[in-house]
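You will see subunit A twice below: alongside subunit B first, and alongside subunit C after that.
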Partner chain A sequence: MKDLKYRVYFENLLSDVKNELVAQALDDGKRALGFSCYFIPAVLLNLDGCFSLRLRAPGTTDTGIATYYMSEKTCMFSRSILERAIEGGYNFLSALMGTETCSMMNRSQEHFEMLNLVKDVNDKFYVTHVDPPFVMKDYAFTHYEKQLRIHILDKLRDTYGIDTSDEALMKAIDEHNEVCDVITEIGNFRKQENPPITGYEFHLIELVSEVCPQKLILPYLKETLEEIKARKADEKPWYRVRVVLAGGENDDPYFTKLIEDSGAFVVADRYCYGSLPGRERIEVKPGETPLAAIARHYMYTSQCPRFMSQDKVHGRKQYFKQLAEEYKADGLIVEQMKFCEYWEYERMYCMNVMESEYGLPCLGIEKEYVTAASGQLRTRFQAFVEALELKKIKNGAEVK
Partner chain B sequence: MAEKKQDRGTRKRFYDGYELAKYRKWRGFKDSWVDYVEWIKDRGVSGELIKSDPIRAFKAFTTYRWMAPYLASGAMVDRTLEDAEGVSLKIGHEFMRVILKSNVKALVKIIKADKRFGDNELADKMVLFEQITSPILIGGFPNLVHSVQEPYHTILPTANDQHGGYYFTDVIDSYGLPSDSCRVSSSICGVAIDDQLPIEGACIVTSNAPCDSSVMNSSVVARRLQIPAIEGCTPMRWRDESTNEYAVAHVKEIIKFIEDTTGEKFDWDAFFKVVERYNEETRIQLELWELAKTPYYPVPAVPNLLFRSFQLSFSSGLADEVVEVSREMLKLCEECYEKKINMRPKTRHRILVCGAPASYYMHFSTWMYECWGVNTVAVMNNLSHHEFISTTDKEEALLGVAKLWEQAIMRRHLVGGYQNMLEMFEEYERFNCDMIMYYDDITCKGSKSMTGIIQDTANERNIPLMWVSHDVIDPRTISRNEMRRQFNEFMFTVMNEKPLDESLLDFDDSKGW
Partner chain C sequence: MKFFAGCDVGSTYTKAVIIDENGKICASTILRSKMNAEQSSRMAMDEVVSQVPGLGSVENISYLIGTGYGRNRVPFADENISEISCHAMGVHVTDPAVKAIIDIGGQDVKGIAVAPDGTVKNFAMNDKCAAGTGRFYEAIARSFEMSLEEFSSLSLKAKNVIPVTAQCTVFAESEVIALVGEGKAPEEIAAGIQMAVAKRCFVMAKKAGAVNDITLTGGCAKNEGLKKAIEKVLKIKVTELKTDPQLMGALGAAEYARRKGA
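Showing the complex of A and B:
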């Protein structure tokens, strides 16, 4: 296939946290609001006067100082964010919206406070912590909504004078939905037998939509959508098998590329920073306030293993299966950042039940934030691809 | 040939490599007699485990791998009282006997209710509480019984026999869980996967305490038990008052769940009686802490730690004997204070101990005192929830229950904000300490990710802070001797001191209980 017009541009945007679009928004007087967890609804950070920025630490090589603070036995993503912050890489942020969801990420965010980071260049900078619930109950929705109101909206209004009225929220929802529609439409091409897009390209597109000011990236996304619509796929599909990629934090498109280089097309991205879930439209029901709709939306769509209720526990596996059917996947790869306890358990669970109970072959991978040891990973992916092919042969299917 | 260090001093009465003593410690005629009589009494208490239902007990011992270590409970009590004498010995024995009695009762209950050994009514009247969730709510259901899961299958067996728990971590490792995951949480999953959970209970209240891994292991346990389950998941940011409403609603939901699954009705009067007892336990504890700030506090370090943990996580007003014994022991402590009797004469340093201790080396503080004269006067885990719960206002009482869960052992300091971890420096001052030891559980992400700040704060305040790494229930990773080596190194190099008893510096007890 011919390269996407903006592929290199998107790659460049992802090579720096403060990329040119972020810099442009800052120059326009917009406030950058950092966050990392799905439990912080990005839509709330995209009110007029500010923009959301999902934290990454591209190009991380060494986390020496962060390792001193957080030890080497903690999630490298959390340490990389801290390292970048200590280096001054997030000094342009106006606030950091934290959550007490994963303990290590939460600690990383708390280090912003403990070490007084960013404050010396912006004395209004603050870190706030939302306490998301673990269960799906009416009182849990109320609690979550209240948390979002107190920790996000009220603080933005009081500190930076951001308009957090229902009208402003409705406008933000509309703009958010517009981005979601474009991303979803692009993502749907992955369902095709011979799609005009690769998993790697989609990963780039989804990521730039997370780490760039929404309004500034939207024109590029729209143009890319039109380009993909008109794009001619290769005569034969390039992949050998199709897989759903699930797991914890993953903001590394090269990880997706590594899988695809092994012959497995990543058709669905069910991981933190992915689009499934994340790019569904937010619907405001009649009589519902915009904030309540947002809280409901994020609680319902979240597939985070932190949810303890059994319906969510089983629902997560069901969701994998549903994605596999919808995107015609042959298998599931569950990746887990080393030391991430949520996904350690989820990966273990999936490896033991996905094939036997849901008929979906599963490969579990433990990885670091920086994809080192790609040789070993590639070997495992290749073995998985071959295993899936063998399974297909046994089932009488034609192998590409 | 030069005499080995172990041939003299305290260590000489033990066989090398083992915890097995050649003879009981000679403490002088009176103390030795007291110790021996108490030891006999303890054997009588332990015998109840068999006597109550010999057939079921036999079946339990031959079915469950985690049962066997309880046979070593006598040795465990001995280990915890190695450094005690006079009043200290008496208090230590009394505290340990309460724990022993209650544990025997709990085990008897577990065995009797186990449907694996035959149908019974008790099983359907039992409400299980997972992890370290206080069972205080069961006080409102006088017709039901409770059982705290997990500690009896993993932590306590390891405390009795250092080799008693890691089999289950091996099981879960081979099932695919990385071994860097919290060993406390993962070991109970190993028990579940190995089909070593008793088959009992009308329902289970799972728990999100204290951390991420305990959130995750709950679903494994609930799935294996195949009984109705509800998630006991109170808010993490427990200091944030905006979370209280949700916390109370959730406690109400749990009460309703127990009512629905058992058909019992919550009895507020009965509940308030248990809460009153809990408050009395707390009041006595607060008084004991006041005394612990002085040099005249006679409670030996390990019984002090274990009794408080037991009171908070297992009793919470439900075990009758706790208040009674606590009152008596408080009197003895007050006498020591009034008469200015120092029962810890070897004390050279007063140390605050933080972090989760190694289950396989619960008596580490005993060694610290015997070898170096380092007296453990406060343990951060013990300084968990210590608020009074309302006995008149229902909403306030439920909030109190939520707070008790939110501030459970380990959870109070591990979650809810970094300030909770740094409380240790306030407690350090309050208890007049001159050293801090941090039990560095190598799988505890919540505390590992605070190491730099803790160290920096200690440095700024010129506080000697040492880290002693361990692997909670697996002595194969970091042995007891390795833990001692870390401690010795700090004492030699940073504190520039010499040990009181050289025979205890370096010895092998890897094969012992």
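Showing the complex of A and C:
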């Protein structure tokens, strides 16, 4: 396939947190609001005068200082974020929107405050903590909506004078939905037998939409969508098998590329920072306030293994199966960052039940934040591809 | 007569096997790997080609498959297959009764469950560090001032097992030196090392779902002390293969080559 016009540009945008579009928005006087967890609705951070920025720490090598503060028994993502903050890499942020979801990120955010990070260059900088619910109950929904109001909207209004009225929220929802529609349309090409896009390219596209001001990245996304519509796939599909990639935090497109270099097309991205869920439209029901619609949307679409009720535990496996059917996947890869408190259990559980109870072969991978030991990872991916391929041959399917 | 070959470029040793149309082994070699995987594979293939009368050149091999960590760098290979699949197939054609493998190579340990047709049923892999691998044994043998062969049988004489707590190759080596300095019996320290590695192998085998009819492959399969320790922790007898267990990856690759190129 012909290379995407903006592939290299997108790769460059991902090589630095303060990329050229972030710098442009800051020059325009917009406020950058950092967050990492799905339970912080990005739409609330994209009100007029500010923009959302999902935190990454590209190019991380050593996390020595963060490890001193947080211990080595914490996930490398949370330590990498703290290390980059200590280095001054997030000094342009106006606020950090934290959540009481995973204790690792919670500790990382806590150290932003304890070490007075960012605040020494921006005295208005603050860290806030939202407490998302553990259960799907009406009282939990009320609590979550209130948390979003108090810890996000009211703080933005009081600290930076941001308009948080219902009208402003409705406008933000419309703009958010516009981005989601474009990403979803691009993502749907992955359902095709011979798609005009790779999983790696989609990973780049989804990630730039998370880490760039959405108003500035949207024209590039729209142009890329038109390009993909007109793009001709190679005569024969390039992949040997199709897989759903699921798991915890994953903002490393080279991880996806490594899987694809081993012959497996990543057709669906069900991981933190992925699009499933994440890029569904927010619908405001009649009589519902925009904030209630946002809270309902994020609470009910979340597939986070933090939810422990049996319906959610089984629902997550059903969701994998549903994605596999929808995107015609042959198998599932579940990745988990070392010391991730939720996905560690979820990965082991999936490895035990996905094939036997859901008929979906599963490969579990424990990874670091930065893709390392790629030779060994490649061996695992290739062995999984070979096993899936043989299974297809046994089932009489044609192998590419 | 058509010939088929497998070339397994491992991190420590490069192995090559040539088989004929009937799957009979005609030539094999095990050479120390060079830094350059391409050079290692050329040397190994030159060696096995020279063992087959009349074959003359690697180009006369009907189908060749590369495997091992350097599988992408075998210049004359028709394709490459992961060493996990190749070890399973190599063991299957050697002894179809074997259902599980512990492969202890130069830089990782793998547990592989083998399906009845020789394909991979399940696998688990430890590659986080060199603990329990060929590299680990080389370092430990060095601290005992012994050859690998001498070290591998040392623990067989032990009456007690002195636990070695360090998992890391570097720290284990330091711990061994300290224990030797304390005057502990070398064979009992060696037994502790074999037990520590056997425990890692146990975990890999269980993760892969191995139950019985298990064998060892890779260079460390020749380590008698380790074999005994594994039998002890797994509480089952390890199946002896009639072909050199270090050749299983290359043999499996050659068998895949025979099936694909026939």
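General observations
Simple rule for what comes next: the second predicted complex is superposed on the first by the 400 of 400 C-alpha atoms of A that agree within 3 Å, B and C clash if a C-alpha of one lies under 4 Å from a C-alpha of the other, contacts with A are read in each partner's own complex, and residues count from 1 in each chain.
Please note the rule applied: a residue touches a chain if its C-beta (ideal position, glycine included) is under 8 Å from a C-beta of that chain, and two chains touch if they have at least 3 such contacts.
Remember, it's a predicted structure, so these values are computed and weren't measured experimentally.
Of the two partner chains placed by the overlay, neither subunit B nor subunit C lies in contact with A:121. In the superposed pair of complexes, A:390 makes contact with subunit C only, with no contact to subunit B. Of the two partner chains placed by superposition, only subunit B is touched by A:344; subunit C is not.
Touch criterion met: A:375 reaches subunit C, while subunit B stays clear of it. Number of subunit A residues touched is higher for B, counting subunit B against subunit C. Using the contact criterion defined above for the overlaid structures, shared-chain residue A:8 touches neither subunit B nor subunit C, since it reaches no partner. Once chain A of one complex is fitted onto chain A of the other, the partner contacts of A:102 are limited to subunit B, with no touch recorded for subunit C. Across the two superposed structures, the residue set of subunit A contacted by subunit B and also by subunit C is empty.
Contacts from subunit C toward subunit A in the complex involve residues 69, 81-85, 107-108, 119-120, 123, 125, 127-128. Those residues of subunit A that touch subunit B in the shared complex are 68-71, 73-75, 78, 100, 102-104, 107-108, 110-111, 113-115, 129, 131, 133-135, 137, 139-140, 142-143, 146-147, 150, 305-306, 308-310, 313, 338-339, 341-342, 344-349, 351-352, 364, 366. Chain contact summary for the complex, subunit B toward subunit A: residues 172, 175-178, 180-182, 206, 208, 211-213, 215-220, 222-223, 229, 231, 233, 235-237, 240, 242-243, 245-246, 249-250, 253, 414-418, 442-443, 445-446, 448-453. Against subunit C, the residues of subunit A that register as touching in their complex are 373, 375-376, 379-380, 382-383, 386-387, 390.
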